[in-house]
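Quick one: structure below, then a few questions.
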Amino acid sequence: MIKEQVPNIHTGIFSSYVDSDVVVFGIPYDGTASYRPGARFGPQKIRQEIDGIETYSPYINKDLCDCKICDMGDMPLFFGNTQTMLDNINSEIQHILKDDKKTVVLGGEHLISLPIIEPYIKKYPNLHVIHFDAHADLRNEFLGERLSHATVMRRIFEKLNGTLWQFGIRSGTREEFAFADENTRINKFDLNGIKEAVCTIGSAPVYVTLDIDVLDPSIMPGTGTPEAGGVTFNELIAGILPLSELNIVGADIVELSPHYDPSGVSTSVACKLLRELLLIIS
Amino acid sequence: MIKEQVPNIHTGIFSSYVDSDVVVFGIPYDGTASYRPGARFGPQKIRQEIDGIETYSPYINKDLCDCKICDMGDMPLFFGNTQTMLDNINSEIQHILKDDKKTVVLGGEHLISLPIIEPYIKKYPNLHVIHFDAHADLRNEFLGERLSHATVMRRIFEKLNGTLWQFGIRSGTREEFAFADENTRINKFDLNGIKEAVCTIGSAPVYVTLDIDVLDPSIMPGTGTPEAGGVTFNELIAGILPLSELNIVGADIVELSPHYDPSGVSTSVACKLLRELLLIIS
Amino acid sequence: MIKEQVPNIHTGIFSSYVDSDVVVFGIPYDGTASYRPGARFGPQKIRQEIDGIETYSPYINKDLCDCKICDMGDMPLFFGNTQTMLDNINSEIQHILKDDKKTVVLGGEHLISLPIIEPYIKKYPNLHVIHFDAHADLRNEFLGERLSHATVMRRIFEKLNGTLWQFGIRSGTREEFAFADENTRINKFDLNGIKEAVCTIGSAPVYVTLDIDVLDPSIMPGTGTPEAGGVTFNELIAGILPLSELNIVGADIVELSPHYDPSGVSTSVACKLLRELLLIIS
Amino acid sequence: MIKEQVPNIHTGIFSSYVDSDVVVFGIPYDGTASYRPGARFGPQKIRQEIDGIETYSPYINKDLCDCKICDMGDMPLFFGNTQTMLDNINSEIQHILKDDKKTVVLGGEHLISLPIIEPYIKKYPNLHVIHFDAHADLRNEFLGERLSHATVMRRIFEKLNGTLWQFGIRSGTREEFAFADENTRINKFDLNGIKEAVCTIGSAPVYVTLDIDVLDPSIMPGTGTPEAGGVTFNELIAGILPLSELNIVGADIVELSPHYDPSGVSTSVACKLLRELLLIIS
Amino acid sequence: MIKEQVPNIHTGIFSSYVDSDVVVFGIPYDGTASYRPGARFGPQKIRQEIDGIETYSPYINKDLCDCKICDMGDMPLFFGNTQTMLDNINSEIQHILKDDKKTVVLGGEHLISLPIIEPYIKKYPNLHVIHFDAHADLRNEFLGERLSHATVMRRIFEKLNGTLWQFGIRSGTREEFAFADENTRINKFDLNGIKEAVCTIGSAPVYVTLDIDVLDPSIMPGTGTPEAGGVTFNELIAGILPLSELNIVGADIVELSPHYDPSGVSTSVACKLLRELLLIIS
Amino acid sequence: MIKEQVPNIHTGIFSSYVDSDVVVFGIPYDGTASYRPGARFGPQKIRQEIDGIETYSPYINKDLCDCKICDMGDMPLFFGNTQTMLDNINSEIQHILKDDKKTVVLGGEHLISLPIIEPYIKKYPNLHVIHFDAHADLRNEFLGERLSHATVMRRIFEKLNGTLWQFGIRSGTREEFAFADENTRINKFDLNGIKEAVCTIGSAPVYVTLDIDVLDPSIMPGTGTPEAGGVTFNELIAGILPLSELNIVGADIVELSPHYDPSGVSTSVACKLLRELLLIIS
């Protein structure tokens, strides 16, 4: 249901699907957003703004133009029926993994990471998940629902054989923090444990899920549930760069909500993070 | 699940539930919004701004302070599970109708009118529905769903014994307009047929559902799907005033989406329409 | 305390004080605003945007460049002490009237019209006042205060020997409308009585006070208390043009609140109204 | 330099270039904007929002899905060198006209109409131009430049053998209005002369240039130079519909500046006008 | 004049007045704001958004649900007459102090701290005041007034027997800084002296007044007078946490001006600060 | 073509041209902006907001009121013809340098620094340039043009005999970074090399060009091309203060684009930077 887009030389994302190593596509879903909806507008806005940034990264001295990345556009919307939407995402990912490509998905809300990661676990049973977020997302249920942006990491944890590494977490119930203390490798408030994680994981396959609200709202106002006290952009870059030593097999960037970002800064930050992730994963 | 609010003398809405003739409450639901979500913020914003308008209406020379109206706050949110939400609304309305009070509901998206009107039809089998809207809302299904803001008047039509009167409709598929021509009393573009409707309906019970996008987006930008070519505020007032001759038993105002209204004008318009509706219905 | 500004050829307002027939200055006061403050930013914003409009008016076939108008900048702010502010305005106006010039003041909130009109009445005991507004502004007191934007026309009425002509009024308490019916020449909702007013007034001196919320909020969102159901720009122009037959001795334009006007349209409308008023008065 | 886009079934614009009768593309140029730039963002924003409106028009009972229209994306930007940009547009249009297709261009500022219309005049020496605008655009030069959004209709007039019909004009210098009175068929303020124009033109080829600021800024705030006193959307539709009797060979819609339209209404209006124009021209 | 609000379980603020230890209420006053008004909208906006944050704080491992806090709504507005407003606040505070409860007030502009602190000094003659702010607020008079947001700490200093501790100050006249150097314990630019203050104060009663513009405008744009160079959210939290060792008897959070915060981040920051203050004070 | 403005005591900028040591004026040009135009609105907005900040700086303990600074307003706009504009700037600067005054120019886009610095090099052949920016601006050409905001430092480098010191650079092509490594003294990402620069330069004349996007977009969203990962305000102040030991002969502040700064924070930051620069240069 996703479709190859017209190549755009200015973005550095211009391979055909067949030639590509990495497949980018959007999932404009925000159906369980309880506070401020709008993550559905994230993928479109990233595509609209991405040629405003350079394809070359001075952080890691690489250029997107040297990579083989394909933009497959956005999945169509399915609101009202959560399960149908999850199933569609799952099968789309399976299809791409069968072609031995990596996916980098643009959200949409965080719940989409669940149907993305499920087929990854099937393919890589020892998969680790690295999770950047302001929120623990470890509730067992939220407003009576088990499938929600607020429960997604709990659901993923339940299916995961590898470790769930959490970074930047600064919001949750008392119960979520207690659960994390016992079950996940949680780093409260900051990203200090990244290097230890990289050492421990070694060559095991890794999926990276980046909820952009891990950033401080000063630099990322355009998100559904901003939480003050987050990391700066430079801290996040410093946390992401060591990941280049890992075997990253997939990633997502979720929860950009551009309607809450009248200056456009949040989208430009998301574009830059996407560039760094693509360069690391390629 | 709705709760009596603290009376506010400035709004003219200060009766207790027991004393009231008319019960106002909000349903902050926008779960099937396909284009721009945000109608969930409507009720809260109306409550926040309503003391910015006078309680006295020079249009009909009546004052809210002379009416017995109770504000019962908002229903809690249920996203992700459409059916649960519809059931909750339905039973809330039943409860109030049993107490022989009228309801004026603040949306939220238009789908909420379905579970509101169902118990009304049970109580008033010969109920007529007067529908102000830019959109026909007569699709049989939308993006694969039968329960949606775009199908709501079709679902209501299917349960209705009385007539569905549609005013201001200027957007829909070819099929919707064809369906309307055969099945409903549709007034394309304007409200010219109001007086004929009033004559025909006579003393039968009437429910009024007002999708505020019937107004031109020049005066009502704060709505999910603005459609140019709508009626002016004065035209809408002129269309609403004759309804005072009818036996109106309930009403709703839906689709105010205040995040798309940076100047605040849309909310002040919605407040004024609420005042006129309350004065007519009281 | 006001100071001659640097002449700006693009605005058509470039006379020196000495050479001028008409003196424009701003009073950036909004200290009694009860709902949404911000009219203090009106004069500055008008000055900033006024060279975006032409100096020539096709409505009355005249050009500002052919008039003798001086811009004297803004009065300094005095918040906290209403009476001092009123006294300062009063003496500023007296000074200019002594020099036999006309004033066109940019508000600021409507209360400023009181200390402007007082010296006018001293100079022209048979002064008429033409009042365009959405609100009657005829309360005797408001939130316990007798000096307020909501009482200003009542205070002016009390000092006036001539007639108070009110146009476009569509909001007020029941008592205000009753007071108007007995004491002023009120035109509810529209400007239809303008020509009758012009005939009746004849050659008597006239002061025009234009609260821009007389316009519908679709074209004038940038005002403190928007009231739907106002006149269109073309209707207001049609109401203003006949005033050129009168002996207008002064005018003001009040209640532009540009912070509630993110698109900038309200300011451009105010600039255009200012141009027409200046051309009529010159 | 323009490129065939991925077909989008929801927009009704999904033909290939080869199959198409009408070619749509954008020219995101605003290099001579003197007041508020930003028309460069128009084409992208229209493409982003166009699936928010229906493909079926109840005004003329036709559906875009029944037409053969191709979207060729946007021309690359050329700022700083006006002449190069004009030459590029001219040759792009020539190329399409050679293939016997019609063009509907999305601006960008109004100056782009000059290099579009030049090749049209070569192909159709008796071309008429119908011009909807708030501004006469008939200056001989503006800020020292002969090529500008403010001079574009003067330059086009100089090359035109047919008649220049102007509608809705309400802003200009005294000289522009005098020039128009002698040389063009100007309709000040409104569109009343449309039917006479249609009669007079008969079967001659016609190009339609629609500066969206002909609309009142209440419904079209998102434009560089808003001018109060414009036509309503319904008046513009009523003015456009009679054009279906003409032999329209090309059209453009210019001056949408979406950054000045925080509510998004202006873009939705532009999309609807584009739909009507495409249906009339197909 | 303040009224007990409907309890809201989601906010953790749901005690009755009788049961409560801490009383929260708002004072929506901004009458002396000289630059950008709008702090009057602060309390309402905080109430509207506060259930967007968790009741549990990972910073101090406590939950609002375990505290006894009552929300008493907002005081009615009194603009135009500063002294009446100050007197009303003073007597409201006296009343609550007599009931042996603590107050946490939501501003409104900073001047409100004066009538709040006066009765506190009466009850606790050895009261210390801890003052977080970008501005010294130590002018003797401002624009001719002695009662103003710019003079408030000078007035409080004059009545205080204990020490005035100032943190984060980075803006003022040369005279204000000189006055502070001689009379208060001023910490320019940062909060480094907090621990010394805590040691020195020991068990004496303390009132905390938090002007949120002490934060850098990157994280707190929504305030009347933003001053670059402020502390980060994490620095402020680190400055507030040690206060839990003190005997805090009251607090206020002032100068949130949500109309200058289109993304909503400022309000969410204010809500989080309110949570931490309430947890520390309870 | 620039004109002496009315002195404004509140801004501390109130000398006459004749008496002044430092001349401030604006160049509202953004004609080569490729991404988001609007820097043309910078000078006007700075003038509008500058009395919102104090004239006294606690950072360097000096007051603007003790300096001799003149505001000469803005140069008129010239869009469409880049070369004419550059020539006009050049001759304006020459004129002021001949009067032995220093200039501090408010942009406008960065290209304006080229015609400003050219006459400086003529007067001071051994001029050094200190360049704060997120972008290298060292392209040889951009979109086919040699004169552009993206090439400006390359053009300046070509004329410079002294050294080009670059600070905060974090965006560019691979080629630009390679060019900088060989030819300029580039400090990637931060300002750490400032002190070394000050030592090396000694008493040679220095021109400072400050592109405000060197700041992180969290504190400076209002700029055409925001680049995450910039310096904080305090870091920039710490980088600017050591410059007071240098012989600074001129400076500019460019690329403020206030339309992308809905909260107004960016302009207040620019005003504060202007104050510090003026105090250092005076």
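Here are a few things to note about the model shown:
Per-chain numbering from 1; labels A, B, C, D, E and F assigned in written order.
Here, contacts are C-beta pairs under 8 Å (C-beta built on N, C-alpha and C of every residue); 3 or more make two chains touch, one makes a residue touch a chain.
What you see is a predicted model, and the numbers here were worked out from it, not measured in a lab.
Shared contact partners of subunit D and subunit E are A, B, C, F. Using the contact threshold fixed earlier, the set of chains in contact with both subunit A and subunit F is D, E. When chain centres are defined as mean Cα coordinates, F lies farthest from subunit B. A centroid comparison over C-alpha atoms places D as the chain most distant from subunit E.
Residues touching across the subunit A-subunit E interface largely differ between the two copies, under half of the numbers being common to both.
Once the centre of each chain is set as its mean CA position, subunit D and subunit F turn out to be 39 Å apart.
Annotation: 55 Å between the Cα-based centres of subunit B and subunit F.
Those residues of subunit F in touch with two or more other chains are numbered 216, 218-219, 262.
Of all possible chain pairs, the ones that touch are A-B, A-D, A-E, A-F, B-C, B-D, B-E, C-D, C-E, C-F, D-F, E-F. If you check the complex, the residues on subunit C that touch subunit D are 52-54, 56, 58, 61, 63, 216, 218-219, 232-234, 237, 262-265, 268-269, 272. Across the complex, subunit B is touched by residues 30-34, 37-38, 40, 76-82, 84, 143-145, 147-148, 259 of subunit A. Looking at the complex, you find that subunit B touches subunit E at residues 3-6, 44, 48, 73, 262.
Note for the complex: subunit B touches subunit D at residues 35-36, 169-174, 177, 188-189, 216-219, 221-222, 225-229, 260-262.
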